[in-house]
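For clarity, chains are labelled A, B, C and D in written order, and residue numbers in each chain start from 1.
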Amino acid sequence: MTLRIGVIGAGIMGSDHATILHRWISGAEASMIVDIDADRARQLSERVAASWSTDAAELIEDSDAVIIASHDSTHPELVLACLAAGKPVMCEKPLAPTLAEAIEVYQAEQELIAQRGGPGLVSMGFMRRFDPAYVEMKNALHSGSHGPALLLHCVSRTVTSGPGSTSRSSVTNSAIHELDIVPWLLDSPVVEAAWQAPRSSSLAEGLQDPQIILLRTADGVLAAIETFINARYGYDIRCEVVAETGVIALRDSAAITTFSGKSTSTSLAADWRPRFADAYRLELQTWVDALNNGLVSSLPSTADAVRANAVADAVITSMESGGSFVTVPNPFVGSKVGEVNGTS
Amino acid sequence: MTLRIGVIGAGIMGSDHATILHRWISGAEASMIVDIDADRARQLSERVAASWSTDAAELIEDSDAVIIASHDSTHPELVLACLAAGKPVMCEKPLAPTLAEAIEVYQAEQELIAQRGGPGLVSMGFMRRFDPAYVEMKNALHSGSHGPALLLHCVSRTVTSGPGSTSRSSVTNSAIHELDIVPWLLDSPVVEAAWQAPRSSSLAEGLQDPQIILLRTADGVLAAIETFINARYGYDIRCEVVAETGVIALRDSAAITTFSGKSTSTSLAADWRPRFADAYRLELQTWVDALNNGLVSSLPSTADAVRANAVADAVITSMESGGSFVTVPNPFVGSKVGEVNGTS
Amino acid sequence: MTLRIGVIGAGIMGSDHATILHRWISGAEASMIVDIDADRARQLSERVAASWSTDAAELIEDSDAVIIASHDSTHPELVLACLAAGKPVMCEKPLAPTLAEAIEVYQAEQELIAQRGGPGLVSMGFMRRFDPAYVEMKNALHSGSHGPALLLHCVSRTVTSGPGSTSRSSVTNSAIHELDIVPWLLDSPVVEAAWQAPRSSSLAEGLQDPQIILLRTADGVLAAIETFINARYGYDIRCEVVAETGVIALRDSAAITTFSGKSTSTSLAADWRPRFADAYRLELQTWVDALNNGLVSSLPSTADAVRANAVADAVITSMESGGSFVTVPNPFVGSKVGEVNGTS
Amino acid sequence: MTLRIGVIGAGIMGSDHATILHRWISGAEASMIVDIDADRARQLSERVAASWSTDAAELIEDSDAVIIASHDSTHPELVLACLAAGKPVMCEKPLAPTLAEAIEVYQAEQELIAQRGGPGLVSMGFMRRFDPAYVEMKNALHSGSHGPALLLHCVSRTVTSGPGSTSRSSVTNSAIHELDIVPWLLDSPVVEAAWQAPRSSSLAEGLQDPQIILLRTADGVLAAIETFINARYGYDIRCEVVAETGVIALRDSAAITTFSGKSTSTSLAADWRPRFADAYRLELQTWVDALNNGLVSSLPSTADAVRANAVADAVITSMESGGSFVTVPNPFVGSKVGEVNGTS
């Protein structure tokens, strides 16, 4: 059975998802491409042997399932449209630009579940949970060989910030991956967050860059995160868990070493796509397999997305109020479904 | 379009190929499993949602294309049967246990091509050509940044030799990967081979292990290969090209580093499957894509297989005659098609 | 000319210094050993061909120069005695257990300089400034190739805390190395410090361990320091400078790699001596060379020691007051010499 | 007690030895420098606070012990002069340009021992035996944890060959280090040697470069050595021992890692001095300590030097006769002392 998946957004991530579906995924195909730019939609559709449109409603109608990779601001409305049509949807992070909108989508999904039963329809594109290295690290940690975790050091460096980047968007758009992966790795939600910064790089215009984020989980683990979106030298993601009797760290994934010009070197990627190519593929295959087998997807849920947004809100509050620790609000308090604040 | 692929052999490699087809390949499915052991065939067929049989002829009849992963001794006959039925086939290495049989299959394919035109039907499973690290190494070498290649150092270590292993089978079954990859990397055929050995490991029963193989290409590059099939400590494949102004080496591909018990360590696999998981997947996807698009597969051909067998023959001649360099015979001399001894 | 150096303290560091003098240093010898434990003094003296005593005054009288490696609490009195006798002295860190005592010693030295002119007599044993890796890192940073520094990540892990360790002594005795090396690396004094901690390791009795220290320099660089004195797995010191266009990091200094039991590994030391063996030797040779040539030693001064103590005080104030940033007091304000708060 | 050491030769190695004596060695000083070029002798003597001369006889007369670092061709005559004067001497490798001359010196020393008793006076400068990494590797091998050795892989690459280099001098001057270190590591003498080569680098004028040397020890271990003296990219020495259940390898000794321009890199030295700085210092300190304590030096002996020369002869015979294995002659057969061909 070949699942027909419509892809909304023909930019970098939409193109990536459509191409992965077309070339690498078993049991699915990219069936339609939508973009507000008709040329862009058409060009991508030709590369992946799909139809195209500029009308998202047409795509949702036509598809077995939907991938949303359009501008962040469009995510809530499009997810709500998929929910209304009863179509499974994989939404690129973030679920919404603000916590309030994210909660709104979450509640809409909860209402649908209350009405018709069954699992939720929305899966979130936090692809790092499918990266083999993060998965191996989580397994090694929870094997217990090194005792319980105490500290986490994360580094997230990208080459150049996109247009319109701000100190806040550095948190909500880039560090958001760490805000999701830290509680996932540790199996414990983030309860407090603080923000600090050194002097800003002269190459970072209009924003504070780099930044240091501190997270504290319910279990008392402290995570120190560096996010630096104008690091220039390369795309570099690191993570190290310090446990009571041992330490586990992600390792540089270069495939070859070169000896040349008085140095030994390995290459760094210019952006996230080579580093997380496997993660994107495994994420989509996992989602497609769940859909084809009528199972609940193991991708993150809207509740996970809401939690990441709530942590981002606390980080930004700390940023704007002097850097002290700020309690992460329970985003589900007062929600109709009264869900407990656990991580999935 | 979903290609229906029959898999002959439900042992380690057959299971791997069938599972990869079922879970990871776009545009194909494992449609039937054959094994001489009916239970084994049935069990694998259930895991990959295929039918099963003990009759290879039935499978060839039923399938759009065939994968042969049964015992080495059955390869020639099964490939000939696929040729007779006009079915595309991907045969695990080696094409045949002996050079003579390999040439026979090669000639049968050439005759078919002469009769009906078009490309050959047989693709060979030398998966390392699809390993991203080898591919990156080859690209880096041929970028020319480091000048022409002069030397190659290869190491191939496995944990324990299989039952019935001999000094000769260490060449034809294990080192054969290096005999294929060396001329592929260098774009130059092997013209001479020599064999040497130290004292044998006391843990290697009934064979000389490790062995050293020296290959000389038409371009004058020398490759020094260590093959050690009872290395015990782990599966470890290395390759380093020494060029005029720089060196390129494969790098250990571990994803995480562990700090524990006064040491920093990374894991080594127990066998080839984790190390070459990507290579097997990319090999099959490339083959399936070519079949689905009516293109010639970029997998190695029977001519490549014959060449690797011819080099293995020269190595064994050296082994049995004191270790001097032995000229690799041109296996195509006198063949009806008079093909030149170049590498693909 | 062979300088006669007396060593006070025959514990781990005193033994190390005496042995290094005896075996590796050009132009000096260990001439006398003093310890309050006569047996310990005698035994060490025999190993290094020196005389021995239990009387520090006798040693100071007898020696051309003095090394103080006795208990921290004895440092101020012994340094003052050396100053009174006009003998050059190399004092192990810290100069004093408290900032007030350190300032007292600093002022005594300043008065002596005011009276008799010339340079100071006291050199401090912050050996990391002589570690070739830290020196190479500092040179690489100040070469300017990577732009100005923005962030520093430091990790200091030891196997087990000594008897009587407390949350405070973890700062004054272990992290003190980072409190000295950070401003030295950056050529900018520390002006603010903050302290945070995760849950404590169950293996750390009677103290908070690990701890996170944040330092801000006058230049606006932020340093994030992990100090973990019961890390169990090995002695592990790391440092990474993040600059505007590149990053420089210390590298694991293991000399061999072992492949065994399905893993690739390098050894970690059990304590600081193998890691900093070169640093201790170079520190002593540099000190001896300066003395033998009548030059000012390039070892850190009492002013450097006072600065490190002042930063430690700010860290402890933050520890005891909720973790906010605390301004590092200028320890030289109101001092008779009115020295500017620069780093040497 | 300060040993007065005369240094013959003020070129690269003589300058290095004199500087090390002056700056780093406990218990000795560079007392006189001799060079045929008076200016060069004088300039070096000023840097190390020694006297100077152009007359080696004057230096031998004046010194407690002698270091010979002049042109290879002068070694035999100068060592014989030291023997005649009864002065301990440390001679840079090789002991002599030819095996016959080396044997002559060896026999002269044996006669002196026969006459006056006691140990020999000549120590050889094969500094790698004092490199901490090689020593750690040898200890790890002989700890027995990995079973007996089977294979050795050595790589010796330098940036550019010196003037007048030939295919033969690449063996006698560069690979000679491996010809000494292999039997030392394995505790087993080399009994056979063979030589092979790929096409030569276009950057290597007038010689075959790189070369492959195969050595077989009495214990049946096979060592495969690459020597490449125009490797251009950097000074790179590697060694890996393959034992029955594990492998031990030298590790790149860079102190810092740099992340810059889309790559992660470590530096390679331009020549051997930084790589073996510790080895040269430890070699000299060991020699000086033995002399000062009246003990036999643990540096290699003239017998070791003769053995390395004998292996080099066999390699060159193989080079000139088609590449087959050549038996290493027992250089001590017929010598007056009839010494057995073991390694020290």
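Definition applied: a residue touches a chain if its C-beta (ideal position, glycine included) is under 8 Å from a C-beta of that chain, and two chains touch if they have at least 3 such contacts.
Remember, it's a predicted structure, so these values are computed and weren't measured experimentally.
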Reference chain C; chain at largest CA-centroid distance: B
Gap in Å, rounded to a whole number, between the CA centres of chain D and chain C: 38
Inter-chain centre distance, chain B versus chain C - centres from mean C-alpha coordinates, in Å: 58
Centroid spacing, where centroids are CA-atom means, of chain B and chain D in whole angstrom: 44
Multi-partner residues of chain D (at least 2 other chains): 233, 236, 245-247, 254, 259-261, 266
Category of the chain touch graph - line, ring, star, complete, other: complete
Residues of chain C defined as touching chain D within the complex: 2, 22-26, 29, 132-133, 136-137, 140, 145-146, 245-251, 253-261, 266, 285, 289
Residues of chain B defined as touching chain D within the complex: 147-148, 150-151, 153, 155, 194, 196-203, 210, 212, 214, 216, 219-222, 224, 226, 228, 231-233, 236, 242, 244-247, 323-325
Interfacial residue positions of chain D with respect to chain A in the complex: 233-234, 236, 252, 254, 259-270
